[in-house]
């Protein structure tokens, strides 16, 4: 082991140690627990013993959990889909040059400065049925007569409900700047020549977008979507703070479910199983992403 | 030259540490949650600590655990996490069960004789909160009594002279106070079940008032499948759907009654923290004179009020139990209990405290004192109680309340299912 | 195939004007090359014709229609870029078919046109490859193929050979010229390489600093450059230039005092003038033909195979001449240089204009 290698290992060591302690170890510990019993209220007397996949069966037998899984996927797809679509659009706008750009740029980036937990608290007030300024604006404009119960209306269309859409909106609001910055970097690396060639070939704005922008952005989009989906599956804060998973479980996501099982009901074995499901879904996305990457590289 | 200066500093450092070490042998770590005004609370504790130290020579390090982290903190302690020597704690039963013989609250039976006049000095209800499985754990220091609170100006506006005294009067008065605009949007709700965000705590007083109990005294059998439960749940359900005086979204996360009450958007709250009295006095003086507290209304059987408790006890693993007991003895004196009560706004656990001037100088305080006679402890002798009573979907009582009160499902089936589930929890 | 007329075209970037009122007429089917040093405005001019740059003032007229306001896609032009700008994610076939697809042509027609272009440019075996898998020359041809399939009114080339190595460049020059003869479409071509201009153009437009210096047939520019700039720019190796004074009787005096007597062969412009004398290296000989220039001391010998380039010092001025007689030269040798009087060019010193 020569000097250079040792130096490299030392430089990487702190980050590696922290990742192992705070990321890898808890992950394995949690997976470990998910295959054993672990009821906090009686683990002192009865201990914890191996039960294989029983916790997973239990958790999937709970219809609340199944509903939660579907909702988690739905939440993520909606939030990621809408924010990436909007991000593509807004990134193009920011990329152009026109008067008032600096102001618009600042406005678009503002939501990024708000941590998700704070955003949740702010929006709880903005979406409170009786006090919401949005509701009073809608009523003043004559578009509605009854207040919209953003976070408490339990009417559903399939698995979709107003609280779900409300939280999706807040997630989009909070995450959009990051996506825009990402896409902006990608956009600015597309050589102008391609757009000019397309222009001369007869492409209009939409066609230029489809045939030049999107294909050139493919690698950036791929990694962005992978990151967002993996993060989205495990999302916790907004659903926990804004609705706690309600009303009637309509905005529950797997992370909140796991939290409740563990810290409210003391059933850490089931909490671990729920977390294990999140882990597995993230892994699938990760594998898919790596496969897509390698396919590109092989070309 | 440099070397000797260096040696001198090292020597001084070592000496200082040794000194501090010597002094440290008489220091105890003491954690509390915070109450009412945080700065005020910290100052009050600091003063008590100063007096104690002057007297006994024992130093006390005070740390505050915010309520938002309190449950996690004690859960962690019960699982072997870092812990103080003694602390302001609650839910003795649950944390003792979780901690077992190794962690969590420590029984101090051997120091029982240091408190010879316990039964005479303290309310018996309060003492229930410091005994579990016949072991003695500490000194109860705060009560949390809930009483009714209502807007006197709204009452006057709709022609009501005083607070509702019975369940029927609740319905009648709330109906008068409820106001809607021409589109049906609510401008003022006549009634709200309770002030706390713990919605399960709203059910308990009505259930008790109907004559019911949650479980047997030994904490092993659930007793919720009865007419009292039906009466309580029906009462609550009808207030929402039949009389339309209560917000159907009350049980959803984020419902906060205080700002609504202060803005006059709620007329009566059935079960409000008595600490609200302190808060309203201090933070909203502009509405002084437009609100008042009242004893809980009379249900079919009695007029029980929700009452919680906190105690000061020792933690397993502490090596300073003796010093802690000294601290507890100091705090349990009448005048010190009064100081704690004043600073926290919490009800005291000794008649001596409740009879003081402090607890009679405001009309609401007088009411609170009276409500103490209706007190029914909310602690239950089962470790799984916190799991059963946790105010989140998936918990036994929450689901029962939500299914019957909000979703209006078949009550008999729901109650039977809840009884079954609760029993299963109790035998965990 | 169309005629193009440029009338007083100007372009400014902010307050900086880079093209100063340029006018030019191009006939249908002509191969016109805009040539000049970097920054002379030729690319800007081309892009204004393409519609990729906004026109600050003036008109671009194609087939008697002013097209200033038309976006590029409505101008029916095809452009070959310096970087080729081939769509990297599309095969060669799709690259070439792209514009036709956008125009809504049916598949049969597209396939046919692509096949024809591929045959012309020898791309048939490359149709399924992606640009990343092609060599520079192949990409060049694909770029041209993409332009050809559209059958446009006008071809625009923006320095297309700059990224190729010298040998390939020579080959491509011939191919482009051949393509023009075949298709007979009007071509406007931009380059900084005067050799390309000379070999390919029907007419050359020499530009410098936003102005047109001279427009004309290649040989016109070569034999009768109207300005000193054109004289120095056209022709390789570059023309020798010397400053001096020309008297009314045809005597040219070098700055160091040496003289050449041109007699009747010098331009008649009366009086003493400050002039720049020009003589091309290939017009200088050592065979005593014409009038003597002076004794030359050889400083650098550059044998090029068929000819040898000599850099010499005459009357303290540098003169380069080209020897095709396969003589042997060594550094330090002296020779007397001669040239025919009619091969000399005279330019006024201040304006750079040719003296008749």
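The letters A, B and C name the chains in turn, as written, and every chain counts its residues from 1.
In the analysis below, contacts are C-beta pairs under 8 Å (C-beta built on N, C-alpha and C of every residue); 3 or more make two chains touch, one makes a residue touch a chain.
Note that the structure is predicted; figures quoted are calculated from it, not measured.
K.L.:
If you average the CA coordinates per chain, which chain's centre is most distant from that of chain A?
P.N.:
C
K.L.:
Going by CA means, which chain is nearest the middle of everything shown?
P.N.:
Answer for the innermost chain: A.
K.L.:
Averaged over CA atoms, how far is the centre of chain B from the centre of chain C? Could you give it in whole Å?
P.N.:
Spacing between the chain centres: roughly 92 Å.
K.L.:
Between chain A and chain C, tell me the centre distance in angstrom, where each centre is the average of that chain's C-alpha atoms.
P.N.:
Whole-Å distance between the two chain centres: 58.
K.L.:
Using mean C-alpha positions as chain centres, tell me how far chain A is from chain B in Å, no decimals.
P.N.:
Once rounded, the distance between the two centres reads 37 Å.
K.L.:
Counting only residues that touch at least two other chains, what does the list for chain C look like?
P.N.:
none
K.L.:
Hey, which residues of chain A end up touching chain B in the complex?
P.N.:
39-42, 44-45, 64, 124, 128-130, 139, 145-147, 149, 151-152, 242-249, 252, 260-261, 263-266
K.L.:
Where on chain C does chain A make contact in their complex?
P.N.:
Within the complex, chain C contacts chain A at residues 50-52, 71-73, 77-79, 81, 83, 85-89, 98-99, 102-103, 130, 146, 150.
K.L.:
So in the complex, which bits of chain B are touching chain A?
P.N.:
Contact set of chain B toward chain A: 71-72, 75, 79, 94, 97-102, 183-186, 249, 252-254, 260, 265, 383-384, 387, 390, 392-395, 402, 407, 428.
K.L.:
For chain A, which residues count as touching chain C in their complex?
P.N.:
It is residues 191, 193-194, 196-204, 207, 211-212, 215-216, 218, 299 of chain A that touch chain C.
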